[in-house]
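Quick one: the structure is below, questions incoming.
By written order: A, B and C. Residues from 1 in each chain.
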Amino acid sequence: MSEIETEEISTEQPDEPASEAPARSAALVMAIAEAIIFVSDEPITSKILGEIIGEDKQTVQAAIEELQKEYEERSGGLQIREIAGGWQLATRTEYHEEVRKFLKTRPSAKLSLAALETLSVIAYKQPVTVPEILEIRGVQSASAIKTLLEKRLIVTKGHKETVGRPMQYGTSKDFLIQFGLNDLSDLPSIEDFEDLSITALDQQQ
Amino acid sequence: MQSTTEQYSFNFLTEIPEIVGGSSDELKLKLGEFAGPLDLLLYLIKQEQANIFDIPIAKITNSYLVYIRLMKSLDIAVAADFIVMAATLIEIKSKMLLPRDPAAASDAEEFEDPRKELVDQLLEYEKFKSAAQMLYERSTVEQAVFKRGAIESDDNNAEISATVFDLLTVFQKIVLRHKEEVSLEIEREEISLADMIKALRKRIFAELELNLLTFFEDFHTRRELVTAFIAVLEIVRTEEVKLVQKATFGDIFLKKVGVGSN
Amino acid sequence: MSEIETEEISTEQPDEPASEAPARSAALVMAIAEAIIFVSDEPITSKILGEIIGEDKQTVQAAIEELQKEYEERSGGLQIREIAGGWQLATRTEYHEEVRKFLKTRPSAKLSLAALETLSVIAYKQPVTVPEILEIRGVQSASAIKTLLEKRLIVTKGHKETVGRPMQYGTSKDFLIQFGLNDLSDLPSIEDFEDLSITALDQQQ
């Protein structure tokens, strides 16, 4: 990748600064490159970085190599890697165990839309059975219910005394905690938002 | 709908309000965004360089009314809250014009400046207005800070975090969706051809002359329109009804044969 | 904040392996904390970091403050911030222009003046009801509240036990994050604005 020697250019005046920007210090180019690599979803090439920063590719390449060296030397939790022809900020492999451990314990309050829908039906219609949820949502909710049970947001509430004695579900104490409710009467009703214009509610998508 | 209340500002969000003192004594107001009647009032007081504890109520009331009239003339919906404030100002103004009851005046306790409540309200509001400014500045700074892009290791997307508001919103959407499905079912067993012909015949006989356009306007779905169209063809074919067009390219009428035909 | 000195521990043995590890070097704690802060989607607290790393909260807190200082001193493209009670890695404000250019984002839609005012009333008076907001602002705030709910800057805080049981509102964690606050006590007191506004008005005389 670095067949082109860049030392000469970098120390002196990066005389032909690409677009309108005047000569930037190497430290500044490093800092901006670092910020952009950080926010990028994908590995980013020196070329693209150069276009954004307004410096030529070589200057940027040299700056990032310097940055990479800096990361090596301080041996913190992160590294700059060259991947698929671009640059990327990533955790150092040494700490993969702790990182993995953390990623597993992330907040459990996050729900898929299917789970959220199912939860809302259970919250407002409890106690409610699976067939009843199906009727309201128009979709099978089995896996959503499983998720909600696993996350302890819902609990079983005994069998309903009808044909087939289907299981009924309701929300749990954890549900109240997760959603910051004192008790179920704290659940907002449609009337609570009437002032805020209900029509707007379904516009929002 | 109450939500219209704050829409008065939409046209001139970026404008800074300003009163341009012309050569005549007529005040010219440049419209800007006012967050409410108190905001406007505070602005007018500052324009007049008046002391907030001694508001020249007559003058301020006049400016306030000028502004509201201007809003009206520009067809901006003037919110009820603005009009309520106008009424309050007029009331205070008239109270201040009344000669003070000399009997009551001697009793200092009795007399309360009619402006006091308004001043208190303005002072309270002013604090929150400043706080809003602070929040604005903070958010501007925050918008200059970026967090890292998505990384491969986390299975993001597909997951959303939720509040109670989301719960209700989602529930309402489900209910709406449910209702739509139900109403669709009803539409499916919509009016049959036989019923359509019956209805059409009834109308022609009652009205003697029926504009086809009016008739078709009652139907919305494709299916209904098709049924209606077939019903028209059928009734013309089988009954004493004919199609009449009074002018070229004019509307077409269904007429019972033998009634005032031309 | 950094009453606890950690240097002594640091120089010794970094040899001890991960999991239930006892005393780790401060540098190691810093590195792991940095890696986890980097991968976390949300600001992460010292407490959670401590649990993952297997060190007490104080050790972690001290390590991160050290890390934060390090970031300050090298003045690269990134910074460590304390936000909404947790730690976060983010770009430095200086480079927002270039970052924005790269992300092709414009500054996100600013809140309207009405929404900002409503938010400031909610922030300082929480929990607060719609009629109470009306009283202060002198104008209906329905659409502003709806906007704030949609943007997750405010949340419902249960019903107030008065006539009509009106819904109460308060600020959310997202509010702290979007306004760069560590917690609500970071907000200047409302009385500070009182002095300010009166003097401003008096000056005009």
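Annotations for the structure displayed:
Here is the rule we go by: a contact is a pair of C-beta atoms (placed from the backbone, for glycine too) under 8 Å apart; a residue touches a chain by one contact, two chains touch by 3 or more.
Only a predicted model underlies this, so the values are computations on that prediction, with no experimental measurement involved.
Greatest Cα centroid separation from chain A: this falls to B. Of the two chain pairs examined here, A-B and B-C, the one linked by more C-beta pairs in contact is B-C.
Each chain gets one centre point, the mean of its Cα atoms, and the points for chain A and chain C are 17 Å apart.
One finds 36 Å separating the Cα centroids of chain B and chain C.
Counting partners per residue, chain A has 35, 38-40, 89, 99, 103, 107, 180-181, 186, 188, 193, 195-197, 200-201, 204 as the residues that reach two or more other chains. Listed for chain B are residues 2-3, 146-148, 151, 153-154, 163-165, each touching two or more other chains. Residue ranges on chain B touching chain A, taken from their complex, read 1-3, 146-151, 153-154, 158-178, 181.
Every residue of chain B that touches chain C in the complex is listed here, in rising order: 2-3, 5-7, 9, 13, 33-39, 45-46, 49, 51-52, 79-82, 85, 121, 123-136, 138-148, 151, 153-154, 156, 163-165.
By the touch criterion given at the top, residues 18-19, 27, 30-42, 48, 51-53, 67, 70, 74-78, 89, 91-92, 94-95, 98-99, 101-103, 130, 142-143, 145-146, 149-150, 155-159, 166-167 of chain C touch chain A in their complex.
Of all residues in chain A, only 35, 38-42, 89-90, 99, 103, 107, 109-113, 116-117, 119-121, 123-124, 136-138, 179-181, 186-190, 193, 195-202, 204 touch chain B in the complex they form.
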